[in-house]
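Next, two complexes with subunit A in common: one pairs it with subunit B, the other with subunit C.
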Partner chain A sequence: MSSTTASSGLARARRGLAPGGARGGSPKPGNLNRKSKLRAQTSRTFFWLLLPSVILLVLIHGYPLIEAGVQATHDGNLLQTGKFVGGENFAAVLSSPAFWKAAQFTLMFTIVGVFGSWLVGLGLALLLRTRIPAGGTFKVLLLLPWVVPIVVSSTAWNWLVATPDSLIPSLFRNFGLGTPLFLADPNLAAVTVMIFKVWVSFPFMMMMISAALASVDTTVYEAASMDGATRWQQFSQITLPLIARSTYISWILMTIFCVNDFPTIYLLTGGGPVNATTSLVVLAYRTVFQDFATGPGVAIAFLMTMTLVVISVLLYRQIRKSSVE
Partner chain B sequence: MSAAVHAHPQSGPVLGVAGPAKNKRVLSEAGDRGRWWRFTAILLITAIVLVPIMVTVVLAFTPGPNSTAKGLTFENLANVFSGTLAATWLQNSLITTLSTVVVSVAVAAPAGYVLSRGRSKAVSGYSLLLFVMQSLPIITSVVPLFILFAGMGLVDNLLGITIIYVGSTMTVATWMMAAYFDSIPISLEEASWIDGCSVFGSFTKVVLRNSLPGILSTAIFAFLLAWNDYLVAIVFLRSNEIFTLPMGVQSFFQQNATDWTSVMALAVVMMLPPIIVFATLNKYFSVGGIGGSLAGR
Partner chain C sequence: MTSTRTTFSRRGFLGLTAAAASVPLLAACGGGSASQGGGSAGGTIKFWDMPWATPALNDASRKLTEGFSGANSKANYQIIQWNNFYQTFSSAIASKTGPAVSTGGGFQAFQFEQQGQIAYADNLIETLKKNGMYDDFLPGVVEPFKTDKGYVAVPWHLSMRVMWYRKSLFEQAGVDVPKDWATLLEAGKALKKIGAVGFATGAGAGNNIGNQAMIMMMINNGGGVFSKDGELDVMNDRNVEATEFLLELVSNGIIDPAAVSYTSANLDAQWKDKKAAFGAHVSQMDTRVGDTSGDLIVASPIAGPHGDKGGLVFPNNIMMYTNTPSQEASEAFLVYYLGQLKELWKQKLMNALPVFKSIAELPEFASDPNNVKIVREWQPIAKTLAAQGDKLNANLAVLDGGQALNQFTQTILTGKTDAKSALQAFESGLKTVLKK
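What follows is the complex of A and B.
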């Protein structure tokens, strides 16, 4: 490529981009040693292309994260930072039974949410892969739970299960199965919230797995069945390994979605009854905005954040490794 | 359920090149029966899965308790628009969501381009940073941002929540754009550089011009996230006339929990835009946000 024309073009771009002749994006010395000026100019352009994103990241993610660390170690409220209290908030949080109960619920909610939605999504993806009349239509319809706002679907679920006279409890009664109080009984409420989460999330899993299955070459199955492989063997030894990477990524993401989930739980049960469905996020929200205990509330959020940072860095490495292979 | 699954591929190699067209005829009657079994199964499953959504729609058009109308009616919708601030909430939601979509794509596309083409340590470090940030609970940022925004008059303000939406969609949007740019061969840009185009010029004229599907799927993602958000809205919005639809629906539901037909009419208003977006742009909604971009990269 001709470096003279390229760099004159770059010079034009620079003038357009940075009228003040800003130095901010000056290239690193190492790049100047290369004979092509293009690289130096490229990194300058790259700097400007990246700048808005960096500013937003600092404002919406970086600053609040640091500030959250400050608040978690102070006894302030929503109006002022307050006095420095060291690890007191963390100690208070870690020694409170409510925290551990919420952590336990979050864990259960996440496990059921991830694997429940994966199993349903996998089953439907496999079924939809076969030739079915109007298969494409079903694929689109089945994505609706993921597309419809949680505010709407939680309202609909409320109508279906909330009171003893709602549709589903009435059906149970008519079949002589008693009248289950789906949102009033603590254990049943926890189960209901988890089923709701699976209902909301399975389309995501279905999409991920369908995309992976679409790239599988079907001739592999012909060869396998000619060699006498049973259908289970074909599934466990061909299909599963081929969708392993997608599965892995979808588990990671769903774990993050479940741990961070607020509306699915809060809108259906509000965290009740008797805190039976209070997750860590719901607990943090209530502690800050209902009990006005900013320090402890932020400490809960901060503990979650630190756990997720560690988990996501590890997982990111793992994904990168598997995509290099 | 499976005779057909296997009948089809097995006959493939024997028939050779003429494959697919003839295979259909080769399918045995048992295979056809398998197809209809699966059809019935998926029909049942879909019907059960969609019960909550169907219930919402049916109730929204059912005459309310004090109504004299028979059959299906638009009365509830009319009542909701005349009796509540539904029109204002809809407008607020549209303003914040569309601004989020535009700004988010405008920020994410250039950044995604750098992520896709850049090979330095700094770029891969930034990519990791974005991944970590998107995985953090937004509740952590919400409290410090609330205090910061309160000082700037951005609490109970649509601009305030829009800034947060852009910030929180931007991470994943950047990843999605980067994944899409990865699929555009760099030789296109190289050719434009030879023709005297700048790096920025070839990004806008060559790369962006060929990225409509990537831009649309990123836009859909940002749209769904901003339209559906509840946590940011419940923290930052205080007054009725500033509410977005999630807050409007929720507050109306809490005040009129027994007036189901009106509640559902409002719910239908809220779920219509994402369904319309989804129905018209479905083919760009391939794997849903970050999942696709992670799987793609």
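What follows is the complex of A and C.
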């Protein structure tokens, strides 16, 4: 079979068409008017049903947002608003090297956290789709890092790596690889925190991808096989496109989880050593609650939120694009 | 306290939210009728306390609190966790649901005083003078709480940082316990040869011992972060000298290279596992790490190169708030509670130094030679974070738990700096956050 035939077969498969199949016929013209009336009525009902929730959400999110806006533009504290300073707090934050260092770490932490956990999750989801012995048990065990409270897992990781006599540094020493100080060396600490994040997050990705894979019709693969597609072609041109929507959603969620992640970092390293693992959210916390500088701390949180909104909008557009395709 | 405001302010909204949130909690508690009022004329005094030691201490404190009955009032007890405690207090005070009396952070009273939330304790001090309790205070423990406007709090225990050593490790290394910095360096080198740590410390997540050890060494050398007038004085010669010495300890491997990341649990494990031979820690560290065999001993204060000696003390205090059902009742409660404190030491529940001479003389406290040594040798030379000055203030809260000191400590412990650069960064970090 030629590659042209294979690729046209794969294209048909992605559209959900079996070999030789066709989409259903176009709607009858007489039904159009009634359908649009019904749609308008449904929209109105939805609007009234949703209105109380929308009002509640606006109140719940709007009030803190306004309060945060007030704090970010004043030089007060948690009790007193203080005097209006305009954009001074934002200017101070944006001109601070600590902010940019934290932003850089947050970016790296997020990229590694999102794509690292996605790759591990994808690999395991694909593995779990094959028939392996005790697959169910294996699946439950793989969920443990996500299920176990972060306080417990961070304590366990601390026990594994914190001191030169901890288990993993001891193993390195026994293999003649020296005694790495995983949490004391700034670069190693950053890497350790990122690996910890991937370890904590991959089960979430695995579940998202498993759910997406479960909804893929196996006949699509049969069709692709009949058209002569290789395993790699099936994966790259059927599996990945068909789980794209779930993938983008999981990326958005994981991006938000990573940017806002406080406990993973704070419990393992406290943001150290020497700010090597200080993310924006940790910096915001420390600025407000350790330096008692409420305005600059809230300004950091504001900047973080704005960045997250931009990233989320971009990824949502990608979802809509993938839906249209 | 009544309010004539009719507009719906942000504070009001916060209060309403807190009140709404407390409804199911109160319902769940069962029988938890109005906490203010409580059927007595003076109302019920809300006393908030922190977990200072084991839960048994809080149980005993609760019992003491609930035993109060005076000025036509009663008192109830609530534990507030250390995590985000400042936020907890701030939110509660903003929503008028805060305590009437509380323990808390060492400089919390000064912070809330700036915000007009603290009830001055001058009348209380007068009462203590009249009933003789004032004379029972150890020398110099009350005055640090006096501001231009009055006393913001009264002390109830002293959290000391002192030098400890493990006797068996010194015997094994064949060296004497350090008496000054020179012998500390020599002992450290000998201890390193047997795999022991000559200056144990830690500055990992949530561990303040490292930060405190840095300040302690500055004080030990006659330095400190502030001048006698309370001005920032980070770059003084004594601080530079102390920092250079600490860097020398790091470069010689006398401070564990991984100490920068050690949590309190990691550091305590190092002491328990007989790895740590010498270092700064809290009083009653032996009890804390679970080794009361007598091998862990409080060292005598060591002398700096100019002969100075010094330790670090945090005078922990009890404060009263303006939001109280009755100021008279708050004061009556505090007089009662201070009078009952001895019970906590009698039951050996407190791991800190008492502020009353009569408690320091209790057999339950004085039977521990380490306690006696701390009272006799360390307490008289101990200084607060305000050193070289002696006036406590709200800015010390920023120094105590703030990023500048933590950053400085971690930079020193990694050893990748020189003394002056590290101190300059420390000073500039403090300048950006300290209130004028």
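Basically, the second predicted complex is superposed on the first by the 248 of 325 C-alpha atoms of A that agree within 3 Å, B and C clash if a C-alpha of one lies under 4 Å from a C-alpha of the other, contacts with A are read in each partner's own complex, and residues count from 1 in each chain.
Everything that follows uses one rule, which is that a contact is a pair of C-beta atoms (placed from the backbone, for glycine too) under 8 Å apart; a residue touches a chain by one contact, two chains touch by 3 or more.
None of the values given here were measured: they were computed from a predicted structure.
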First, second, both or neither for A:78, with subunit B first and subunit C second: both
Which superposed partner A:316 touches (first subunit B, second subunit C, both, neither): first
Partner chain in contact with A:260 - subunit B first, subunit C second, else both or neither: first
Partner chain in contact with A:67 - subunit B first, subunit C second, else both or neither: both
A:289 touches, of subunit B and subunit C: first, second, both or neither? both
Subunit B versus subunit C as contact partner of A:108, first or second or both or neither: neither
Which of subunit B and subunit C A:273 touches, first, second, both or neither: second
Residues of subunit A touched, compared between subunit B and subunit C (which is higher): B
First (subunit B), second (subunit C), both or neither touched by A:238: neither
Partner chain(s) touched by A:216 [first = subunit B, second = subunit C, both, neither]: neither
Where subunit A meets both subunit C and subunit B, residue numbers: 63, 67, 78-79, 155, 158, 266-267, 289
Contacting residues of subunit C [partner subunit A, same complex]: 10, 13, 84, 86-87, 90-91, 93-94, 111-112, 115, 117, 203-206, 256-263, 265-266, 269-270, 397-398, 401-404, 406-407, 410-411, 413-414, 433
Subunit B partner contacts - residues on subunit A that touch it in the complex: 1-2, 5-6, 8-14, 16-17, 38, 41-43, 45-46, 48-50, 52-54, 56-57, 59-61, 63-65, 67-68, 71, 78-79, 124, 127-128, 130-135, 138, 140-153, 155-160, 167, 199, 203-204, 207-208, 211-212, 218-219, 221-222, 225-226, 231, 245-246, 249-250, 253, 256, 259-260, 262-263, 266-267, 281, 284-285, 288-289, 294, 297-298, 301-302, 304-305, 308-309, 311-313, 316, 319, 323
Residues of subunit B defined as touching subunit A within the complex: 1-2, 4-6, 8-10, 12-13, 35-36, 38-39, 41-43, 45-46, 49-53, 55-56, 59, 106-108, 110-111, 113-114, 117-118, 120, 123, 126, 128-148, 150, 163-164, 166-168, 170-171, 174, 190, 193-201, 203, 224, 227-228, 230-231, 235, 245-246, 249-250, 253, 260, 263-264, 267, 270-271, 274-275, 278-279, 282, 285-288, 290-292, 294-295, 297
Interface residues, subunit A side, partner subunit C - complex: 63, 67, 70, 77-80, 98, 155, 158, 162-164, 181, 183-184, 186, 189, 266-270, 272-275, 286-287, 289-293
